[in-house]
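Everything below concerns the one structure shown next.
Per-chain residue numbering starts at 1, and chain names A, B and C are given in the order in which the chains are listed.
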């Protein structure tokens, strides 16, 4: 997987950190600047003014494109290669450019292991990975008939928290989803509890797992539906539009670390060199204080935007301001210093 | 609007920053001290002990009054003028002293444009301003008969989140409000979503718009009613008693900036020199990710009290600790340094 | 109560700060290290790896035990005494070791007044203390028949937020609790509002009360039950698994300070030298903006884990990073410097 031919041409004293102007890019640019890197933003025209407006987080240079997928254009890729750019992928990067296209056509050195993409985007493979990691997961009902309790049905490919329907039981869910689409739904056991999204960072350079923060997603309209549930007839929506800070009981931290370490260890067996850099688990903490995980995000998540100068956990690792964005920049800086950049880009 | 006669008498090297000891005053004093200003608090006797108890946020001098409206007393005003005081207005300042009284009788230089007061306190004018700014607003039903969906009725002049009644439809709201008071109610379309209160700062000195934070109000008892809705028969109350931190998706920031810029631009057309300094929008983010705004607060809001040393947004503008209170102090300091104090006080 | 014989043998220039590796210990170690103290963690084997993994918060030395109650072993106590250790008690310390055992058998100097333990663990004594402090408390119904409104029944000795049942009235609660256990239930008036947990610190050395933060507990599954209340039949659970940050209206701060001062003053009358160091009130703010308190925690609470580098209140007392853990370390350092360590340990 090493792209020796690509980074070999790089002037490693002049590495630029680049990403798409969206998702968590302000934090990435801010952190990269704090570590002394030149920064490049791939930006659409309508966002240009916004991304030029932050004195401490605007990228040093904007490459203005018509749409983010233009990142794949030969001209843009050549430009980034001339800039000695290392691209930081985030959720919007994968969403706008596409996992298949990234794997097939994107040649610019990218922080992280691209081989995680198929393991993340395929629900079955992800499930296999979570189980291999020793992580508690909700049951998946293979058929409607198998449902024996509260259930949430998730429509494949539905974006932005839409396409979720929940019900008390088999009879109720059968009425709420379109039978013609039944094959496109994942039927998942509904887990009762409170949600926590721990932000991990696994450093290849320091060989250590860090927990840099925890958030809870803020979803419209479900997260304020208690204010007006008596006024609304249509089912709730789960569109993620924000994030809120949270910490967990200290006695629960060990379990979350075990999950993070399990994910990294399993990934090293499943797709060496495995998962590294920032990642996140979507979990629910049940009343027995057990965390059940629904999904792994194998890159920086938007919840880290709560902590551009540090979280209630990052301070136990680093003095001063520390975001996940800055942590990535430190990793790249240390890799360059140790001549190990090839180990952390693909 | 310039009060050349007033600030002309000032020793601008000895400006003191003054405000009423309430609302967001600790942050204002703390920030002013960080910028090297002398600070003065107008304080009632029962609050004196509290406001003397913060080593880094207590004002240098307290002017003790029987009630906050005594700020209008000739003696107090003369005292403040002798002190070269610039008063920072906040929500309690307007509430305790009164918009009309401030406009008619308050002579002490006050940060911000007092001409915003009538545009803010009159619901119709505010609505006109929001629309002129290109901001999505809820529909206002002119009569009960016009109601064609979920509605929230707001009683004019009701304080502290009381006087709000919601209903599914025309029939239901007609039963829930007193028909004799119908003219005193604003009948507003109920917007479903999650609430965000972005904190803006428009700098006249630097000619730029900043976003210094976002909060969500914490209202009793509506915001915990999900814990006991089955125990309570009376309608929920909406009394604001706290604030919680939140961030929004980075892809939604552009829309919030457009709203802020729209508000400033429209205000410059409607009541030049328009709106400047800190302001806030009350918004709801719908499931289509569109922000609908209910109200503009044309001064520092209490939600900024979450961020006395900085927010997840302020760090993209300023290194180190930065509150809205400190931002105001910087603006005054820079105005003094550039001989432009007259431009930002009225 | 002074243990002159114990601390007399101490080399006060070599004080170590020790606690059980749980609850808020990372913050305690982190803060102690910031103040230059050597730190010791009493740790179970399965937690050892976790507590060794934080570069800035791991204790300098771990004493590995089979179970936390082994802290009472003569050998462990002797070890701690040789280390000139001052133990910081937290909630898990009391839970794992037991209040009676601590009072009877624990000889190592412990920060705080151990005489608070009986006043805290006995519901009646605590109620008496709260009332003596001038704090509004919920009514306690002596019998089922006395219930005249919404009620929450709390089972004595129930751990971790279990054993709570609420109901609209006498008839309903009678059906929901086991009549055979009626004597083990506290029948408390249900107070409607929003919850705030202010974190106080009373310094014996500086003779002042500080407010170092406010949180809201995050309880599974009650705090997300609004997302799935239509799917679940069993009663909600109240297991505390996290904490969320919050601030209150500045005009409400005075009332919270009065409560804190009342608690300290009453404690000095009831069990001199009374309550000092960190403590917390569990309150609900009603729609009339009155705080009703349910419980006092007479030591560091887990909600302070939100603020290892400072809160929106701590910055008004201290420049730079300030946690409750660090505040304790400062108190001990200043006590040593002033030859007053005996006043703050028991």
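Annotations for the structure displayed:
We adopt the following convention: a residue touches a chain if its C-beta (ideal position, glycine included) is under 8 Å from a C-beta of that chain, and two chains touch if they have at least 3 such contacts.
Predicted model only: the values in this text are computed from it and were never measured.
Taken together, chain B and chain C share the touching chains A.
The best fit of Cα atoms from chain A onto chain C calls for a rotation angle of 120°, in steps of 5. For the pair chain A and chain B, the fraction of shared interface numbers is less than half, so the two copies use mostly different residues to meet. Centroids of chain A and chain B (each the mean of its C-alpha atoms) stand 36 Å apart. Touching of two or more other chains is recorded for residues 223, 225-226, 244-245 of chain B. Per the touch definition, chain C reaches chain B in the complex via residues 150, 166-168, 190, 192-196, 208-209, 214, 222-223, 225-226, 229, 236, 244-254, 257, 285-287, 289, 310, 312, 315-319.
On the chain B side of its complex with chain C, the touching residues are 22-26, 30, 46-47, 50, 53-57, 92, 160, 218-221, 223-228, 230-232, 237, 239-245, 302, 305-309, 321.
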